[in-house]
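One structure follows; several queries about it will come next.
Naming follows writing order (A, B, C and D), and every chain is counted from residue 1.
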């Protein structure tokens, strides 16, 4: 009896490697230049500022979707959040620290709309070196980060729309879907 | 330079944010271009754009002088990887003429979490790096070319970036230099 | 510590940034009797003092107003010709205002393109091998320090003649350039730098230097 | 300390005199072309200085420094231009140029009856006096020493 030895070269699969613990760092310069290139690439493929915002937000969402998996695998103690306030606090502290090495500056609830919350960051790293030209109006490239937040919230079962605005530095406006608010109210009633 | 190194301890960014941002860019390119070769080219071009800017950051912060020897260049490139990506590749496999060397990486922040799907095995995922080297060296009037000789993403045990000296761009050397 | 200006010239010799500060306004208004004891000449569309400088009116100053009416070239705002007025005895006593003109943007662009070959010739005429271009230019009224990067960008600062340590300031400006111009996706290489953050950070740096000296940057 | 070379130009840009003490690099062009290039450069620098100066200038351009040498400039009211290049550390060179003007140029060129004042200075006496004057100055310490 003869044994046929497979000619296939054994590939080391990514699954064989242990997941890094997320302590690696690259320089801000390096990240800023990559981000700049990303913005330029998007800009070259769109015609208007809103299109550019959407494109940046989409790219951010792509990052957010992957990032949440990493975060949950790593933070074994993580338990599923079910309350709006808790998920927002999670974003403000845990997510922010993992992404940017610090908590977000502020979390506020809109006075006039119960669905709307604000996460405020005076000096977001993606905007650190960016001066938006006048012809780009209110463009805020941190809409990329807004995309990350949106993807994370959606991935955690809190569908929302997140946008970025020039206010107190940058303010991320989080607008939850009605169903999320209703669910939260039910929880409170119980 | 007297102030060498004083400004290297600038702020850092979580490498995962970097990896995933790069990943988002690559996957966007994969959507926008049908041909993998075009994606490779586009990545190289983006790297070039980054390189011609990154070099100024390197020079401004390190106060580094001009290279008069390719071994010197190799050391500076290695230093650049350490400063910007937080990894120190090994310089190895010098050609006998001293005009070619390899950078060996045990880890590469660009490719962490990456496994190439079977349909895009020809994708040079980290091709941006070859562009960065070309752009950065061109700005200091040196033409180099580089390519991945081995790639962990393709099943090799290490990632090896081969760098070759082509020529000095004498015409581009600014007046008052040499 | 007084800084008068900062200039950045691209690799190809174009002025891509300039910033002026602390440039004093030099202006003299004086009443003259007939005949006018100044020799004035009309050149390059300006009336320039050619001879007879005194009381703050210097050779090279330009006539900017007659009896308080602003002049553009040789024409007053009310339409009259300056020389017609100056030549008539009955118009005296006459109040004339003279000023040292600030550089216009075009003049600055011209000067920047002029410095580029000077820089190169200084290197060519060197009696010693492997010489740089002009690093410091000294005049009785100012000092200009120039720093050329390995990539060929020139950073220049104009300051008081006695100012030391300008090389350190230039390196800091180089860092600001590599941050707030080059990392801005809306800035294209070799183009004029119009970046708010670059401007504001440069201003902060200059203010800081003026208050506390260069050694602290 | 080192003195490299001296150029003296008249008001029309004629090179009246050139001499070199320590010069390791030639410009690669003829002396005549070099003089034109030098004069043209000085002319441009003067105009550059007057324009970019924040205040009214009196003496205007004084000197420039490169990584390897300094160029010092002194112009008389009669528009005779004296240019001396030295090492970058040299001090009070302008004053020294003034002395060359008054003690050497005026004495041994202007007062020399056979010299026509728009022609190059050929006088051996001028040459030896200038050479001695430069060599005794603290600015001049030959590298050979």
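FYI, contacts are C-beta pairs under 8 Å (C-beta built on N, C-alpha and C of every residue); 3 or more make two chains touch, one makes a residue touch a chain.
Since the model is a prediction, treat every value here as computed from it, not as a measurement.
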> If you tally the C-beta contacts for A-B and for B-C, which one comes out higher?
Replying inline: A-B
> Cα centroid separation between chain B and chain D, in whole Å?
Replying inline: 50
>> Nearest whole angstrom, what separates the Cα centre of chain A from the Cα centre of chain D?
In response: 67
>> Need the CA-centroid distance for the pair chain A / chain B, whole Å please.
In response: 27
> Taking each chain's centre as the mean of its CA atoms, how far is chain B from chain C in angstrom?
Replying inline: 41
>> Which positions in chain C are in touch with at least two other chains?
In response: 122-124, 130-134, 178-179, 182-183
> Which residue numbers or ranges of chain B touch two or more of the other chains?
Replying inline: 53, 57, 176
> Of all residues in chain A, which are in touch with two or more distinct other chains?
Replying inline: 29, 33, 35-38, 40
> Classify the inter-chain contact topology: is it line, ring, star, complete, or other?
Replying inline: other
>> For the complex, give me every residue of chain C touching chain D.
In response: 4-5, 22-24, 26, 58, 60-61, 100, 103, 107, 111, 114-115, 117-118, 121-142, 144, 158
> Any idea which chain B residues touch chain A in the complex?
Replying inline: 10-18, 20-25, 27-28, 32, 46, 49-50, 53-54, 57, 83-86, 109, 112-115, 152, 155, 157
> For the complex, which residues does chain A have touching chain B?
Replying inline: 9-14, 20, 22, 24-31, 33-38, 40-41, 45, 59-60, 62-63, 66-67, 70, 98-101, 125
>> Using the touch definition from the top, list the residues of chain A that touch chain C in their complex.
In response: 29, 32-33, 35-40, 43, 128-133, 136, 141
> Can you name the residues of chain B that touch chain C in the complex?
Replying inline: 3, 7, 52-53, 55-57, 59-61, 63-66, 139-140, 172, 174-178
